[in-house]
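Each of the next two complexes has subunit A plus one more chain, namely subunit B in the first and subunit C in the second.
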Partner chain A sequence: MTRRAAPPALLAAAGIVAAGAVLPVAYLAWVVLGDLPQWWETVWSARALELLLRSVGLAVAVTAATVAISLPISWLTVRTDLPGRGVWSVLCALPLVIPSYIGAYLLVSALGPRGELQGVLEGPLGIDRLPSLYGFWGAWLALTLFCFPYVLLPLQAVLRRMDPSLEEAARGMGCSGWAAYRGVVLPQLLPAVGAGALLVSLYVLSDFGAVSIMRFDSFTRVIYTQYRSSFDRVGAASLATLLVLVTLVILWLEARSRRSGALHRSAPGTARPPRPIALGRWRWPALAFCAGVVGLALALPVGMLALWTTRSISGTVEWGAVFTAAGHSLLAAGLAAGVAVLCALPVALLAARYRGRWPRLIEGGAYLGHALPGIVVALALVFFATRAVVGLYQTLAMLVVALVILFLPQAIGAVRTAVLQVDPRLEEAARSLGRSPTRAFVSVTAPLLRGGVAAGAALVFLTAVKELPATLILAPIGFDTLAIDVWRTTSVGFYERGAVPSLLLLAVSAVPMAILVLRERSDA
Partner chain B sequence: MSAISITGLHKAFGAARAVDGVDLEVPEGEICALLGPSGCGKTTMLRLLAGFETPDAGTIRVGERLVAGDGTMLAPEKRGIGMVFQDYALFPHLSVAENVGFGLPRGERSSRVDELLELVGLAGLGDRHPHALSGGQQQRVALARAIAATPALVLLDEPFSGLDAALRASVRGEVRSILERAGVTALFVTHDQEEALSLADTVAVMHAGRIEQIGTPEEVYGRPATRWVATFLGEADVLPGEVTEGQVDFELGRLPIDPGFRGAADVLVRPEAVSLSLGSGGSGRRVEGRVVQREYFGHDQLVHVELPSGRRIRSRSLSHPVWHEGDRVHIAIDGPVNVFAPTGSP
Partner chain C sequence: MPRILLLLLAVPLLAFAVAACGDDGPSEDALVVYSGRNEDLVGPLIERFEQETGIETEVKYADSPELAATIIEEGDASPADAFFSQDAGALGALQSESLLGKLPAATLDKVPEAFRSAKGDWVGTSARARVIAYDKRELQPDDLPASVLDLTDEEWKGRIAWAPTNASFQSFVTAMRAELGEEQTKAWLEGMLANDVQPYENNIAIRDAIAKGEIDAGLLNHYYVAEAIAEEGKDYPVGIYEPGDGDIGALVNVAGVGILASANQQEKAQRFVDFLLTDASQEYFADELKEYPVVPGVEADPSLQPLDEIEQPDIDLNQLDDLQGTVELLQQTGVL
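So, the complex of A and B:
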């Protein structure tokens, strides 16, 4: 029962995990803020403010574009008789699988200067210059195309649950279709739009892959170049704290809007399925819109990847290096997944079964990685390892720690759900049958948590294997992973050489994805 | 010897006093029902006994052994108390046989499990998983699991609430005979008076963290100790009366009852103690009333009658004779009534 105090051993284990997640970043803040005048000088400079403006501008532009794409698509795929709406739904979710740096590289190689499109146009039309894709608009395009499912998916979920009779009631009172949508449907969608927009803006602010390929100087790229080129680590760290402040402001805004926002009530599950709205002649522009989005976000990158892969294979592939990198990717992500679920267990148990100040605080601490860009965590660990725990620098362990801090929240989420599904009465039953608390947990609760733990591990693996900035900064010298390989070759224009590692990366992350999807199916 | 003896038990959650000074003795081999409305503290009592909650004050003994209180707090696994949970809490990842054998030492598991499955009438179903069983079967698995290690005491938390009404009556009989054959003392918690009265040897009626009355089913129903017990257990109508010299006067007559006080009183009359007869004739002081409503249940009927004073009283009788609204009837008291000091009530 939740009303009893948590066992000290559990509290201690979860406390250690939370402290471990918070410590490096706290250390970074302590070091940077220790020299407040210098921090202020770095942060309150024209350059830093311009950087802030650029990053926030990009986040706002991408968020607006993803909402603008998702609102019509969600409505078309859920509420109308759009031909093949099931297929469009699936196709529109798939861009989420493509890591931003791979997507950006494939876009650049297609639409950028001296890209494939120009090659096609040059012959018959004599066009030898396309507007440059590099910079703000390139980053905006890439991030919009590969992030919009974050908004689309929750929108579709809400639309599916929404009671259609509300909309019909509005129509019955004389509203036109559009007025009914704006007056009744849209307000109910707002919380989902907000949640999706938060995810997108946090993603944009923390993204390193797309902006670095698109050569757009946002926070993460500037922090990285500063860290790499000048060894001005304190300067990079000062900018990193500014970036953290921005993400915290966004989280705070979101929490505030959720508190003041209208309670949105979804209809009970028994609501009859809505009758699809007939599109009539509008079917063709609707189809064209969906096809355009899917074409740019999915068909184009997949086609380019296929093109580069065939060219690459018919040329020369350093298979040895590729497989070594794949091995490294599997090793780092696998270790991260294993360690993350081990760390998640005590935190999830505590959070799911006990209330009070300490459990809340510990859960909050363990969730810190959720709000932190990868590059900040990496930088924090560099500081921590070079100044506080010297033996850790340039080891695989440090990379794994960073990945665990970043993705621990996903593992906790999955395990916590599993814990909540296990009735605490089962453990009590085991105790009344003579088992000690530990043995009751091992013989009853643990076997029942297996599925949730596997899902958590798969989720962490999936994201860790694609992770770029922390891996780039923390991987020991010579420990190239697939992500590093892709980024290093394609950021300097060797598109062919990036193809095979990209394909492998997608294949490797497809396996845990399939596990997750199949599990969800069997649960349903 | 008592299987359970509880003295001065207290347990509060924050400001809510869930158990507020309970004393209870349950003789060995008996089936005792802890009966009360939801929120009266009966489930907390069970959890205190099982060892899932620590008492604030008081002692709990199981047999001779002190299990809680006086600085002792024995862990649940050391108490040797079997428990049947409200939703059975069967281990979903284990088979029926593994569930039943969970608390048994490895060596004697298989033979004892077969014996238990036989006892509860589930022989041959040991390889099934709990989700493949019906509600009644699941309940018997839970019971077999709880008595497997021959505990001195079995606790049952609302054991029949998960079953549909049609099944309940038959399962009740089965459970009683299984408990008797196993020879264990059982304490079960319920909010259903019919369940408590029909299944238990002793009924402890609980209200607001205290036990209002302990007695046989006949005692608590027929001679309720407090007005609350009388109205909680079964139907009753309240009529004002006057106690004088070992008798009570009220609208339906004069009865020789000595409640131990004098003056104004509330007379509680159960519907089955009110008999109706037709028309005039007959001797003595009979009161005449008018039928205002009739509820027909097949095997019996409940007739609402308006008295000359305008008060109403209910009469429960077999299905005959058939009364109709507007019928004039004679009313007589034909059974025990209970008299309590008035509490400023209707």
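So, the complex of A and C:
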């Protein structure tokens, strides 16, 4: 780590990025807090309190369920002789590519009161209606199934690198397998569980698609409904600020727990891989568990989609419209990915190489998107563009800015890791050999950053292409993307027109996902 | 200052600039229509308009109240030239904000007085009745109540669908406020919520849910069902029930159009309005969508109950302009 003060131009570049990321939301807060009594009236009401309880309740329930699913699967796929454990690992990561609105819709179509399952059961059993899936439990099921990889992936990574000797020592001293797991392995997993749980709870709070399909009135859904129907949009904005407060509290709690959790960290693992534990007769229940989770989270939705696609292809598909929408999706997500990594570069360089109040502040600002639900950023930009910078209103640029603000943290994370892996002495050596700072960076450091930049761009692309609420609100007139098309068909005629764009969306986002998973595996 | 750092400074600025240039918004002289009517229903008609007149038309589709709110938020900067609304209430809301321009008498006079703005700011393009759609496999017309007010009975718990963000629904609530007063409307809304009414995204979603057997009955406009019956045949499992005796549940409303006072394309917008009132367009509404035409001389579909036989409540469409008050009530009760 260089101890020099950061160069002013780097500070300025990163500062502009951070300011850009913070500005619209700051503007939103300013508009809302301008009328403090009205804000208080909206926020301090039975309705808002109920929303708060519902949203936080859902976040807690989903987080608990994802942890409960991920702990056994991570252990089974990394530490045991589960048949085909490599395949299960990959299959269990894939639900991440299914956007929550598509997944939730397919779950309802399959398991809802009059879904495909009911159709199958009606003949032999005469069941003409299954219990309703709508509401809290439907939202819980959908979000759990499509979010658990957020917990599973870090758990697997930690387990792979964990030093097996500690566990072996515990076993050697007479602990049972379970006691060793609970006493030695679990504490080492806790930081990863915490990180995963943070991602899941933030995701649940910001999710719009699944809760809307399941008709569960959480913050995002009510904000969207109020935004759409109110003549006074300050009410929606007030609720949005309350939601941001909740996410900030969660981030703060996580940061606090991480500080105390640091005590449990062990030394880096040895190169020696742990011996797989023989499952014996537990093999079949273990397989059934993995198959059940993959079946619900992956096989069911993808199978339904494939079935409908074959049906609708034999009918009439408006390919022209589908390709236009796909083009728009690629354009918006591609621009977002490009702009995000470009913006991430100065911030990542600054954060990785320099310390001090300003670098820390700037990095924090650029990371704000992490805590902001898409609907809030979209609202903030609408306010900003209709009241402050009218030229931006209903342009593609505004959509791209929103996506960049939302997903900049992912790009910074990837680029920052890459910067940390480059020894600054390499660049210094090049300088001492007579290269100018620019040429030293371009010829020595930049090539080494390529992998991290590509990973960052892929991550942003993956999340941006399936993003729904901000796209829905900000896309310019006539700029329908795949996500918007699919969303529209979830209320009408999905069967005829939604299946093909959904499958296309999955295909488009599965490619960057595959790149990321393969990279992770080759690193491990 | 080292060049590399200048470069870094330039990068984000350049990036935003590139993003800004990549903009492909509507071209300068296109007609911009905000349509609260569904693309599936009016998309073909707008295509026909483009073909016949050669006027490039950009359409933003969304719910009518949302578009009305958007236009009010956008004010004079709104890119919209014409507002094609699903109901009279959203048009009335814009009229009371003075955002619509006056239509010429020649346009207004094509339509009976009951179906247009008294001030001349908007004109109805087709009429429709509120109905209760029901699952014919589960219910007979005799099972359904004489008034929508009775849907709060225990008997209907969890069996009724509505679409609270929908313009026609909101107009119906506005009418209820005008007819029965604020307190009784509020009590009805709360009663419906307590009776576990199921919210859907829009009218088509309600109809399809009834057809699938997911829910027993729902509040919507007649033509969604009439059109499906015409398409699917007599065996279509959804029926139309018209509450009688001037019940508020049998409100007759119009879809309509107005031209924004701030429109850049006044003349093209005027041609659009006139196009919607031609016999050919009126026949499209009548034959394809199964709505009631509003221009005298064009006949409604014979399968429909004639408009003058519907025992409609005594409501003037000009009374429906307090959309804002309705939305506030819906929010206050937690319907929205």
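Rule of thumb we're sticking to: the second predicted complex is superposed on the first by the 466 of 524 C-alpha atoms of A that agree within 3 Å, B and C clash if a C-alpha of one lies under 4 Å from a C-alpha of the other, contacts with A are read in each partner's own complex, and residues count from 1 in each chain.
What we mean here is this: a contact is a pair of C-beta atoms (placed from the backbone, for glycine too) under 8 Å apart; a residue touches a chain by one contact, two chains touch by 3 or more.
All of these numbers come straight from a predicted model, not from anything done at the bench.
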Partner chain in contact with A:Arg425 - subunit B first, subunit C second, else both or neither: first
Touching partner for A:Ser436 - first (subunit B), second (subunit C), both, neither: both
Comparison of subunit B and subunit C by subunit A residues contacted: C
Touching partner for A:Gly478 - first (subunit B), second (subunit C), both, neither: second
Touched partner set for A:Leu448, first subunit B, second subunit C, both or neither: first
Touching partner for A:Gly183 - first (subunit B), second (subunit C), both, neither: neither
Which superposed partner A:Gly303 touches (first subunit B, second subunit C, both, neither): neither
Shared subunit A surface residues [contacts with subunit B and with subunit C]: 436-437
Complex contact set, residues of subunit A against subunit B: 1, 3, 423, 425-426, 428-437, 440, 443-444, 447-448
Complex contacts: residues of subunit C adjacent to subunit A: 1-9, 11-16, 18-20, 22-26, 32, 38, 40, 58-60, 62-63, 65-66, 68-69, 72-74, 77, 79, 93, 165, 170, 198-202, 204-205, 208, 212-214, 323-324, 327, 330-331, 334, 336
Residue ranges of subunit A touching subunit C (in the complex, touch as defined): 7-10, 12-13, 16-17, 20, 47, 112-114, 128-129, 134, 215, 225-226, 228-231, 233, 235, 331, 335, 338-339, 342-343, 345-346, 349, 382, 386, 390, 392-397, 400-401, 436-438, 441-442, 476-479, 490-493
Contact footprint of subunit A on subunit B as seen in their complex: 13, 50-52, 75-77, 79, 81-83, 85-87, 89-93, 102-103, 145-146, 148-149
